[in-house]
Structures are given as structure tokens and as C-alpha cells.
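Next come two complexes built around chain A: one with chain B, the other with chain C.
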Partner chain A sequence: MRITQGTFSFLPDLTDEQITAQVQYCIDQGWAVNIEFTDDPHPRNTYWDMWGLPMFEVRDAAGVMVELAACRKVYGDRYIRLSGFDASHGWESVRLSFIVNRPANEPGFALERQESEGRNVRYTTRAYAAQLPEGERYS
Partner chain B sequence: MNAIDKRDSRDRYTAGVMKYRDMGYWQPDYEPKDTDVIAVFRITPQDGVDPIEAAAAVAGESSTATWTVVWTDRLTACDKYRAKAHRVEPVPGAPDSWFAYIAYDLDLFEPGSIANLTASIIGNVFGFKPLKALRLEDMRLPVAYVKTFDGPPTGIVVERERLDKFGRPLLGATVKPKLGLSGRNYGRVVYEALKGGLDFTKDDENINSQPFMHWRDRFLYCMEAVNRAQAATGEIKGTYLNVTAATMEDMYERAEFAKSIGSVVVMIDLVIGYTAIQSMSKWARRNDMVLHLHRAGHSTYTRQKSHGVSFRVIAKWMRLAGVDHIHAGTVVGKLEGDPATTKGYYDICREDFLPRRLENGIFFDQSFASLRKTLPVASGGIHAGQMHQLLDLFGDDVVLQFGGGTIGHPMGIQAGATANRVALEAMVLARNEGRDIVHEGPEILAAAARHCLPLRQALDVWKDVTFNYTSTDAPDFVPTASVAG
Partner chain C sequence: MAAILSTVPDPGPPPPPAPAPAVDLRADFAASGLPEIFDELDREMVGLAPIKRRLREIAALLLVDRARQRFGLAVGAPTLHMSFTGNPGTGKTTLALKMAAILHRLGYVRRGHLVTVTRDDLVGQYIGHTAPKTKEVLKRAAGGVLFIDEAYYLYRPENERDYGQEAIEILLQVMENQRDDLVVILAGYADRMERFFQANPGFRSRVAHHIDFPDYGEGELLDIGERQLAAMNYRLSPRARTVFAQYIALRRGQSHFANGRSVRNALDRARLRQASRLFQREDGPLSVDDLTVIEAEDILASRVFAATAATEEAAP
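Moving on, here comes the complex of A and B:
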């Protein structure tokens, strides 16, 4: 399966040229671009690991692309996403977030059901990959 | 300060009937205070009725007055409590109607109560005989009053954070047929649409608990569908479970059940009434629940320009009352919606400060004092082929709901959902790259369809579907008028 978190997951994987254009868009809006990676793609895993701090000072997408290349070199077998953070009043959150790197194989999720009273079911979503310890999941 | 104090009070309070304008409800020199509520009404007086007297009557009947002089006014600080019509001007291009601006002192209103606000402003006065018709066009709600409301329980930003969805409109679909599906079959539609790529599915306004499907059955099957789709995609999904019911007790029971089975969103209809909406908003705030409002019934009083309440006023009230989603029109779809007027509704939902913009029907500067934002919903007769227009009109903070445009896809519901999602992502990507999506839209969609068969099919089926009818509720002012004003 292909996890479809992020803004552009239904499109073919973005080329570096396309990624650069989106990064420049974020920068031009005044948003700080952030690189994060994970090997736990659970939909409620909010805190992916940060590749350094959000790049508040970088004004050129090329600078972000250098960092992305460095991140890929270390964590190229994991999910990597870019996000644009808008610190302006009334938003103060992420504006755009999209996946730029995926593991070669995405085994997906199991849905576990615990039957309880009155036909109620308690659902648990479990990533197959996350059954292994962190760092060993997609290698 | 006003005419009354200076006049001989014996004349003013002699038993009998006198003109409203002479009772203190017309004060052309009055400067509204920052804390006043100001309403602008479109008034159409009966033949022979002076517009100023009509405006004063509206001010009187929506505040302290009755049809005759009462001496008990003198037991109160009556001048403070009288609403003051202070400006009457002709409606451009409509010789028999007038805009009347009326200011109300803040003390007239109970804090945090839409029911109380509306009981004054649209209470008795709409049936007043000397008027042929009356429409509440807009209101300026002072910050002092705005701050007495909690507003949306979740708001656009927190909803996006909770759903982990940024940078694009959200996508939804209303389950069709609206009525008749069993719970099991209903859940099938939800599963297919969510798995195919939508973020939300939605109960329709009249799906409550009927012989063919009781609410509890629907909720359970829907949550099976939501959880299956989440596991299949790795994305958070939701379905608006409509908890509208006959009593508050029933609604609370349904909402509690929705919470207990893990739904992120519940839904109510406008017809439950302002008080019930505020109660459900407080419930949603206590329970971290997104609250979706379907504006069922609004067209009975919002659509005709001569009489009723403009939807922009309803939208303001609903943001104060505290709903996270509100249907606000599509412009290009099957339901009423002039583009300039609809933009005004969207701004009311999403902006923290709105400047007066007559060309969008916005009569006053309005601050929302950091009240959370309501996410507008565009729903009704829209399809993937219009994606460039929809994104251009509404930007990112909107839910685009394709009901027929998902479920009616020739290859099935999943394909319909995928077509919409691919069209949307391709359009956002292109916009961010700096392309002119309004003009290049069809080309961008065609290019995206080359790697997506479902989109190609959707574009083929619906390419010629448009709903071009004259709007009944267009602004009265053209852009140049607002610059001058």
C-alpha cells in the first residue's frame, strides 16, 4: 500500500524539481520549512523526528534541498516529509506538509478489533513495520 | 444629546399614539458608540409610509417601543435602551426600499446568547404592518459582545492539526441516496469514499433515525468504515454523524455514543435552533469534537432580497454560537450563490478582521477578536472538472463536498473519490508552482488525468455540467460605489 498522508500523496512521487518549487512557494509565503523523518507511519504519530530546526532564515529553496539530500543520505529508507510553518498571528501552525521520501516497501496497517458490549468495537490501527524496533523497520 | 431630553416631557409622555420618530427612535445626529450593536435593515415601507418613520418604527419595535406611549418608560433610563435609527439611505436601483442603520446599546443584550440577540433584532418587528417587507442585511457586533461568546469549539487550525491535513481544501461527500439505505449499505458508501481518497463523508440533513436505519446502527457501521479506511490509507478519516433529534436529551445521547466509538466529528442541522446549537457547541468543546453545521432551512429566509435575514448575518451568528463547519455556498454548483456575495460569507467565517466591503455585501468593519475560525463547506452539484474554479474561489480553507460527483462516478465510489483527490492535489501543486490555474485549469486536469484513469472518466462524464442561473441575492453595490463610500 501507499500511505496517503500529506498534501501530494495521490500524485506520482515528486521530482526534486517539483519539491524545489513547493519549498520556494513556502519560503515566498514567509513560512519556515522543516524536515522530519520517521519509521512509524501511524496516522496519529504526530511527532516525527526533526532533521535540525525549522529553517527560519533560509530564503532560497536550494538551501533546503541541500539539507534534504543530507537527510536522505542518513534516513533514505524511512518516510521524510517537508512542512511549511506559518508563525503569523491567528495561524501559528503548519500550512503545507508533504512526503518527499518513502521506504521501498510499505507494508501498511493491521486493523485490530476488540469486540465489546452492545456491538461496540474498539479499534486499534497497527503498522506492520512498527512491530520491529525503531531503526530496523524498513532496512 | 438628543431631542427627547430637551422636549417638554409632558408632551412626550401624554397618553396616546405618536410617531416613532418623535418618540426618540430617529436620531440623525447619533454617533454609534464602539460598544453598540449596529444593524442595517432593508426596509420596504407600505405605500405612503415615510421611510424615516418606518426606520424609526423598526428601531422602536426591535427595542423598547410598543404602539402607544407608556408612562412606565419614565421608570427607566429609557433613552439608553431605545434603539436609534440614525441613517436612512435609498437602496441603489430599488426606488421603494431603503437601508436603515440602527444602533442598539450593549445593555440590551444578554452576554453569549444568540437567542436573546435574535429575539430583539428579528423578533416582533418582521411582522410589523406598516412595512411591506424587511430584511436584516448585516450587523456590526462590537468586540465587547463578541468576547462573550466561546466561538467554534475546534476552529480551522486545530481541526487541521488534529486531522494532520494541511495545504489543501479538505474533501468530503454526502452519502446518497439521502434516504433509504440500511446501516450496512450506508457504511459501504462511507468506506469506499474514504478509502478512495476523501477526508470526510457526511450524513445528509434529514438522516436522523428512521425505520430503514436507526441512528445507532448507522453510527456503528460508519465507524467500522472509518477505521477500515484509516488502516487502508494511513490517514485520519472522519464521517459527520448527524445527531439532530427531537430533544436535547436525544442529541446528547447520540453525541455521547459517537464519542464513545471514536468519531472525530458530529453534525447538527440549523433547524434545531440557536439555543440547541449553542448547547451542542459547548458539548463539542468539552469533548474535543469537531462540530459540523448543515444550514438546513436557511433558504426559507435568506434567499429573497426583499424579506428575511441575509445569510451573512446567519454566518456571523453561527461563528459566535460556535460551529466548526458551515455550508456557505459553491457559486459554481447547483444551489443559490452569487460569487461576490458568497465571498462575503467565506470572509465572515475565516477572517479575524473584515473591512467594510459593500461589493461583497459587508456593510461594517467587523473584528472577531481572535475568535476561532469556522471552516466553510462548499456542497451541492460540484465535480472534479471545476477544481480550478473552486480552488481559485475559495482557497485552501474549505471543505469541498462532492456527493453526486463522487458516488455517481461510472467506475464506482472509490474511483470517484480518487478522481477528486488527484484533481485537487494536481491543482494545488500547480498553483503553488505559480501557474495561472483559472486559465490553465482544464489543461492541468487533463495532464493529471494521464496518470489517473478515474479522473479521466470523471472529466468525460461531467465535462459539460454547469448551473448557470441568475442569482436572486446579488450585492446592491458595484465596486466603484464602495470606493466612493
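Moving on, here comes the complex of A and C:
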């Protein structure tokens, strides 16, 4: 199951050229670009690990792409996303975020039903990948 | 949002450029916006004739390369890394800024900003500190020009555990592999740079343009001084001008002479003396002229004259 989230979730995966163009857009807007990675694909997982620090001082997308290549080398089997952080007053939040790397095999989610009081049913999604400990999920 | 989305769909291969029957280099030159930069260079920077000629040569080469590309003639990505050698105060940093602008106009660097660093910014203090630091700087300089001042300090042969070597290796790798991402300019004194290149032959072969900055002549230094004053809305009185010419001649003979920078420092001190002279004057309010003119006595009070007078007295 192909997991999608973020700004371009409805599009096929971006090529490196397209990623570069997006990164340059972020930089031109004055946003700091971050690289984050995780191997917990749950949509409610907001705690992605950061690869290095937010890149506040980079003026050209090439600088970010070098870091992305380095991150892919180490965590190429996990999800990696880029986000553009707008530090300007009144925003101070992520303005754009998209997935740039995904594992080769994405097993997807199980839907669990829990029967509770009366005839109520509670639903939980559980990622098949997350049944293994962190670091072993996609290797 | 529109700007974001418009970049996403794959536009497919770009249409092949229509074969142009001929190329007008003059029109190219005018369209690139280079004439303004060269005019600015001629206007703002005194002397340096060989350097200006060299810059025009480089610009011409890049323009011709671009024209060749349009005809589909094979052009290897030109190596643009440079080394600027010369004494302190000869305008190396100022020219590096201009170089960044020129390369940007020609499209050889994408952003045209200049990142100035020294050994401190590249070399770390403990094992494993250097590589991230150097890479951080390279990331910042991507798309622009990286200016390494006093580059020979990177290499310290007397300490075999020096981390400078690590920074050098990363730099060399990037200078080779990311030639289209950034241009590196190394700067420093001629003799020490020469030794640096001898010890690191990799650098010499990766640096295409070695540009040597000559020292300024006395007339040029006087010209520089007057331009600096004019920029600050000051001027020299006719007598102060002759005295300042003498000052330059004397100062040049002394040690630690740093060309343009020494001139600037001397003028800063003259302004200081002018201010205290005006402050101590008792007669009436000051006119605009009083405030802008630097008199001979402001310059004559300099230690440089005192030292010569002392040696002349001691001599006979």
C-alpha cells in the first residue's frame, strides 16, 4: 500500500529534478528546509527524526540535495520527507511538506475492530511494518 | 500555491533550440548585463589594469563557450576555480564580489552570492568536527562563490595531526565533482600561496585561473584615498593633498604597509584629528566647508612624519 501524505500526496513520486525545483521554491520564499525520516508509517506519527539541523542559511537547492543524498545513503529504506519551515512572525510553522523517499516494500495497515459496551465497535489501524522493533522494519 | 504547482508536472523534454545561423557576440555581451559590471569596475577600482584585462578575457571565454553551446559544439564544463594572490589591501575581496556578479550574469553560478571564510570556518577543533563544518560551509556557498581568505593556513605541515588536511580533501572533492554548483576562489600572499600549491598539487591542477594582484603605485593610492574621502563627503585641501602624497611615499617605505587598507586607516585618523581640531576651535560657528575639508595639519600630525623627522635629526 503506497502511503501518501503532505503537499503532493495526490501525485506520483517526484523526481530529483522536481524535488530540486520545490526546494528552490522554499528557499526563495525564505523558508528553512528540513530533512526528516522515520520508519513508523502511521499517519498520526508526528515524531519524525531530523537529519541534521534546519537549513536556514542555504541559498541554493544544491546544498539541500547534497544532504538528501547523504540521508538516503543511510536511511534509504525508510520514509524521508522534506519540509519548508517559515520562521516569519505570524507563521512560525511548516508551510510545505512532502515525501521524497519510501521503502521498496510497503506492507500497509491492518484494521482492528474492538468490540466494546453494547454493540459499539472501536477501530484502530496498525501498520504491519510497525510490529517489528524500530530499525528492523524495512530492512 | 500556483507557483508550487506549476513546477510539478513533468514538462517533458525541452524543444530542441532552433539552429541560429550566426551569433552576435556584441549583442550577447550587452544583453548579459556585463557592460554595467565592467563600467562599475573601472569606475570604482583604481589601477589593477592587468586584473581588469584578465577578467574581460575570462568573460569573453565564457561568452564564446556559451555561443559554441548554442551551435551544439562540445563544451566541457569550464573550470572556474581561481586563486587571487597579492599583498594585503590590494582589492582581492572586492574583486571576488565582482567576480561573483560576473559569473552570475553569465549563468555559471545560479545565485551569485559570495561566502567569505577563513581557516576557522572550515577546520574543526577535535576529531570528527572538521567534515561537518566544512560541509556546512559548502552547503551555504552552493550556487555561489566560496572565497577562502588566507587559504594557505589550511595546510600546516609542522603539525601532522592538523585537521586542515581533512578540510582540504573535502574541498578538493567538491571542487572536482560539483563544478557546476560552486566556484572556489583561494586568496592569500603570493609566496605563501606558492608553497601551499606546491604542497597540495591537487589544488594547483583544479584552479584554472591564477591572478596576481600588483601593489598600487603612489598616484593610485592617492586616488584611492580621495575616492574614499569623497564617498564620505570629505575632501582634502590643496596643501593637504601634497602632504598626503608625501605621507603615502613615506608610509610605503615602512613595514606593515597594507595598500588600500593603510590609506583608509590613515584617513580615518586624519578625520579624528580634524574633529578634535574643530572641537577645540574657539571662533564662531562652523561652515559646511569647515566640516568637509581636511587640512594639511590633520595629516602632518601623523606618527609617520614624526618618525622621519626624528631619524633626520639623529642622522647628522
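Here are a few things to note about the model shown:
Just so it is clear, the second predicted complex is superposed on the first by the 137 of 139 C-alpha atoms of A that agree within 3 Å, B and C clash if a C-alpha of one lies under 4 Å from a C-alpha of the other, contacts with A are read in each partner's own complex, and residues count from 1 in each chain.
Please note the rule applied: a contact is a pair of C-beta atoms (placed from the backbone, for glycine too) under 8 Å apart; a residue touches a chain by one contact, two chains touch by 3 or more.
Here the structure is a predicted model, which means the values were calculated and not measured.
Residue contacts after overlaying the shared chain place A:Phe8 against chain B and chain C alike.
Of the two partners, chain B and chain C, it is B that touches more residues of chain A. Touch criterion met: A:Tyr123 reaches chain B, while chain C stays clear of it. In the superposition on chain A, A:Val94 contacts chain B only, with no contact to chain C. Contacts of A:Leu111 after superposition on the shared chain: chain B is touched, whereas chain C is not. Residue contacts after overlaying the shared chain place A:Arg44 against chain B, while chain C stays out of touching range.
Once chain A of one complex is fitted onto chain A of the other, the partner contacts of A:Ser83 are limited to chain B, with no touch recorded for chain C. Once the two complexes are overlaid on the shared chain, A:Tyr25 sits against chain B and chain C alike.
Judged by the touch definition given at the top, the superposed model places A:Glu67 against chain C, while chain B stays out of reach. Counting contacts by the rule stated earlier, residues 7-8, 11, 14, 18, 21-22, 25, 96 of chain A appear in both its interface with chain B and its interface with chain C. Of all residues in chain C, those touching chain A in their complex are 3-4, 7-8, 10, 110-111, 113, 135, 138-144, 178, 181-182.
Across the complex, chain A meets chain C through its residues 7-8, 11, 14-15, 18, 21-22, 25, 55, 57-64, 66-67, 96.
Residues of chain B touching chain A in their complex: 157, 160-161, 164, 166-168, 197, 220, 223-224, 227-228, 230-236, 260-262, 352, 370, 373, 418, 421-422, 425-426, 428-429, 432-434, 448, 451.
On chain A, the positions that touch chain B within their shared complex are 1, 3-5, 7-12, 14, 18, 21-22, 25, 41-44, 46, 83-84, 89-98, 108-111, 119-121, 123, 125, 127.
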